[in-house]
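The two complexes that follow have chain A in common; it is paired with chain B in the first and with chain C in the second.
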Partner chain A sequence: MSKTFARARRNEMFLAYAFLLPSLVFLATFTYWPILRSIWFSLHDVMLGDPEIYWLGLENYTRLLDDRLFWKVLGNTAFYTLTTIPISIVVALLLAVAMDSKLRGMAIYRSAFFYPVMIPSVAAGMVWVFLYAPSYGPVNEALTTVGLPRLDWLYDSDWAMPALVIMSVWKYSGYFMLILLAALKLVPSDLYEAARLDGVNAWHRLIHITIPLVSPTLYFVIIIGTLHSYQVFDYVYIMTQGGPADSTNVLTFYIYQTGFQYQDIGYASALANALLFFVLGLIGLVAVTLGRKVHYLGER
Partner chain B sequence: MKFSKSSLTRRRLLASGMAAPFVSAIPGLLTPARASETTKIQFMYPVGASGDINTIISGMITEFNETHDGVEVEAIYSGSYDNTEQKVITSLGVGEPPSLWLPINSALQTFLGLDAIEDLTEQAKSDDIYDDFISGFIDTTVSEDRLYGLSFQASTPVLYYNKDAFAERGIENAPVTWDDLLETAKALTIRDGDALKRWGLIIGGGWHDWMFEAYCRQNGLVPWEKDKVLWDRPEAVEALNFWKTMVDAGCMPKASTWQGAANDFMAGTTAMLYHSTGSLTNLRKSSPFEVGVAFMPKKKTFGAAQGGGPIMIAKKQSDAKKEAAWTFARWMTNTQNQAAWGEATGYLAVRKSSWEQPEMQAYLKEVPQAKVALDQAAYSGAFLQVPAYSRARDVLKSAIDRTLEGEVAAEAALTDATAEVNREITRVLRRQKG
Partner chain C sequence: MTTTTQTELPNSPKRFNWPRFLRDHWLHVVMIPLAALWLSPMIWILLTSLKTDVEVFDQSAGFLPEKLNFSNYPSTLSVAPFGTYLINSIIVTGSILAGQLVTITLAAYAFARMTFPFKNLLFTLFLLQVMFPIYAIFLTNFVTLQEMGLLNTLSAMIVPFIASGYGTFMLRQSFRQVPSELSDAARLDGCNHLEILWHVFLPLVKPTLIAFAIISVVTHWNDYMWPLLVTNSENVRTLPIGLGLLAKADSGADWPRLMAGTTLVVSPLLLLFMIFQRRFIDSFMHTGVK
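Here is the complex of A and B:
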């Protein structure tokens, strides 16, 4: 009896591994192997287009410490993440709460706010280059209409990064809204009714009922958003190429420049590993701070 | 002769019409066996100036294919110079480079470092290359007395100016010295309160390091040697300080983009523009006013760095392909084609004989502006031909940007940039020595 049980269990395990294998092979080929290779490359002088590689030890990493641009780029990436993600999530949450009602035509609004997500990022980038154009762009026209000064946006090293952040918020919010909306649908409505009977106002209902109850989803959205945002490359490539004065250069773009434009694969690998640690650190930080506050329904 | 669609068709008809009797007379030569011997080669090229250059190049390639049996060129448009270089180098990495490509001349040392390009010296000697190519252009593809490419799209930056705007301010002549330039730019700038209506001058962004090298040369400094850059010299610092003066005077923007600057000029939002001579035809035809072209103003002397690039031929490919590539490269740079290419774009024809063509003479009579860059080329040299030039360009652009933004002083920015780039060059050279 126990023998057949053990065999059945072994079969089941075998089956499980068989099912996992394809994705494992895929991950190993396209994720783990490149990571290991980039660690190996980061210890060498490797040049794109040249098969020879030369051992350097830690030289690429000591270069990193002296590289003014690397620190600037790291700061830019952190700035982009730490502004884009919180702003998008607040906007998304407010939108989701507003959309979570049974008014007529709500589906149209939802689609409207989700629409930016569906636009390919290259197309969105090109459109925003036009919107931000200093002399004829609609953004500046709008600013003039309400009496605000016109800005040089993508040509101004102080405003280029905020310009990217604004467009990213526009692009991400709808996506986060959709996820949060799904979570809101699961919040029991009797909680709101009870609160309303006790005379709790909308703001307090949001703070004390909605946010705690969607916090697992919120947490998920923060993690996903962070992962998305440190990977930002397309908008930088299309809209600014990292300029002016490196003010919008971010880690992924700098890695691309170093590896493909400067053919310096060794140093690009060192940068990629720095990015890996940066992301691990960021995710760790989120997990330690916010992760502890997550409230799971039905959990004690 | 222009590469417009209609004339291409006409030429094609002429060519096939002339060929027809021969084809019918000697059918034995056109056996299927011969057709199967067609050598297919790939040509990667960028578009580095403004205008419809892609259509013009692909039109030339189509014409080549139709008039040459046994060779078929596949045209691969590969974006900017940077994109093209990346694609070529990546394909070199996997051992399958295109047969030919068109990089910026600054990339010479990079490709030599990769042992990627064919030495063309002997072939060129037995041809008329050394006699008929304008030496200032062909020199940019020479390293240690060996020839590694055929100049195709030679260019320098020139000063474009809006003649209507000049007339409206009562200015008769284009500025000749840096001081003139500053005064003229100030006089041409228009502001309405805080809002800017027209800049006096825009230096085409994205290539402003190229323009900066021109300023260094105008100040008597070639800002690089084959294994180092010299941007920390006083002549270079003075040049950058002059730019800062123009920005501080409010007559030139701190930053711009390549295409955006050309658009601003055509739209009248800047009265003067530094841009490639390769943009001449587009600027001239698309501007609703008369476009003037002048030498870039001088300090100690006139000066310019050559942009544009040569056609290079891959070393690692079969002899048949090399021969086909040579045939194609020579055809692209023959007298007729260079004359027509120059007229269609504004790039400088690289052959002396092209400039003597009757069509070219007629064109120059009609558009005397086209000759300015050729005359200025007498004061020009190769552009930043150092190893790691691509990083060098970015570092310099960053130093210029930060200076114009007011983040750092010109001297400090240039000193840092020089140290950083020279460290990189040393690193790359160490690698090449093994």
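Here is the complex of A and C:
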């Protein structure tokens, strides 16, 4: 009896590995092998398309520490992430709360805010180049109408990055709004009712009831937002090519430039490893700081 | 409080009561301009695609096209092989989805319903993939594909995305919610794991599969960076790459034609979104919960 049981367990084990095999083959080839390989490359002088590689040790990493452009690019990336994500999430949360109040025409509003998610980045980037055009773009026309000065936007090193941030808020808020809306629908409405009867105003209801109760989702949205924020590569590539004067050059674009334009795969791999290091570090940081403060309602 | 005001004023005065209107509908007063602002880039794309070159740069021309000029559409189609791009996009997105559905179904079933050594370790490996930005590995993946001789083929755009940690995770959560009585009953009837998976589990998780499919299609249909890197000839390019090239060739000189091209590229997904709005919204909504 126990023998057949053991055999059944062994069979199940083999079958389970067989089920995992297709995924593992692709994960190994296109996710884990590249990471190991990029560590290996970063310790060498590797040129794109050149089979000969030379051992450099940690030279690519010391070069990175001395590379002023690297630090600038890192600063730009941090600026982009730390503005885009909080602004998008605040906008998304306010929109979601408004949608949750059984607003008439909700479906129309929801689609109006969500549709940018469906638009390919290349199309979005292009239309915003047009919208931001200094001489004939509608953004400047609108600024003139309300009496504000016209800006050079993507051609001005002070305004090019904020221009990308504004565009990203337009592009992604709708997605975060939907995720938060799903969480808001789970908050029992008698909580609001009780607070309202106690004379708690809307602002305090938001701060003391809504935000704590949707905090697991908020936390999730911050992580999703961070993962989405690399997509800024597409917009930098399409709209500014990192310019003017590297004011919009972000880490992902700098990796691309180094690897494909300067063909320096070794140094580009060191940069890519730095990206990986920052991403995992950031997610770890979010997990230990915000993750602990998260409130869970009922079971999860 | 709202009920008292309603009973006190059953018949409002003849003149329109602005303060009351604003108090009752203030949310719409805020939301309508905001929604219009969000919609304006899309409206701008459509309006510009119907203008002439002259109108675009003429500041006095106004917001609307003087008269509807549809000639930009045939003109876009004649400068770039959008038909080929469309077919490539369909093949690439469809193949990725088909591949993913097979790999994630099998893996998710193993993680949800089977016991085997190193289960947690393997599951962590799957989850980590979700966190790894493609930008940290695209260089080495490029080199790998070059060595495989796959550069500038449709496969180059497909193979890196066949395994999906995210999809596996999503589906595993759904599989776990299937009551174990159902699979036990099937087991007693003599079904093996594959039969149970096919006849019992898959029909029950259809909503999750649809949700995953929609997200996967939107992501890969719109993808720009990877197809840009691995393609360099017309016959393998996808729609977003084709549009990017058109923009480069025009360098902002021919906005109406470019916006006509943009309309053509964004419309397939936007049309599907309008038709299956509920499904799309639900799919993206529930990526967050659980």
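Note that in this section the second predicted complex is superposed on the first by the 277 of 300 C-alpha atoms of A that agree within 3 Å, B and C clash if a C-alpha of one lies under 4 Å from a C-alpha of the other, contacts with A are read in each partner's own complex, and residues count from 1 in each chain.
Please note the rule applied: contacts are C-beta pairs under 8 Å (C-beta built on N, C-alpha and C of every residue); 3 or more make two chains touch, one makes a residue touch a chain.
Values in this document were obtained by computation on a predicted structure and should not be read as measured data.
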Joint occupancy of chain A by chain B and chain C, clash or fit: fit
Chain B versus chain C as contact partner of A:Phe260, first or second or both or neither: both
Touching partner for A:Val122 - first (chain B), second (chain C), both, neither: second
Touching partner for A:Phe130 - first (chain B), second (chain C), both, neither: second
Chain A: partner with more touched residues, chain B or chain C: C
Touched partner set for A:Tyr155, first chain B, second chain C, both or neither: first
Contacts of A:Asp45 with chain B and chain C, given as first, second, both or neither: first
Touched partner set for A:Leu285, first chain B, second chain C, both or neither: neither
Which superposed partner A:Thr29 touches (first chain B, second chain C, both, neither): second
Chain B, chain C and vertex chain A (Cα centres) - angle in steps of 10°: 80
Least Cα gap, in Å, left between chain B and chain C after the two complexes are fitted on chain A: 5
Residues of chain A contacting chain B in one complex and chain C in the other: 48-49, 133, 135, 260
Chain A - residues contacting chain B, complex: 45, 47-52, 54, 68-69, 133, 135, 149-150, 152, 155-157, 241, 243-246, 257, 260-264
Chain A residues within the chain C interface of the complex: 9, 12-13, 15-17, 19-20, 22-27, 29-35, 37-38, 41, 48-49, 95, 98, 101, 103-105, 107-124, 126-131, 133, 135-136, 138, 141, 170, 174-175, 178-183, 186, 217, 220-221, 224, 227, 230, 233-234, 237-238, 251-252, 255-256, 259-260, 265, 268-269, 272-273, 275-276, 279-280, 283
Chain A-facing residues of chain B, complex: 82, 85-86, 89-90, 92-93, 110, 114, 116, 194-195, 206, 253-257, 260, 264, 267, 269, 388, 390-391, 394, 397-398, 401-402, 405, 407, 416, 427-428, 431, 434
Residues on chain C engaged by chain A in the complex (per definition of touch): 27-28, 30-31, 34-35, 38-42, 44-45, 48, 56-57, 59, 63, 102-104, 106-107, 109-110, 114-117, 119, 122, 125-126, 129-144, 146, 159-165, 168, 193, 218, 221-222, 224-225, 228-229, 239-241, 243-244, 247, 252, 255, 258-259, 262, 265-266, 269-270, 273-274, 277, 280-281, 284-289
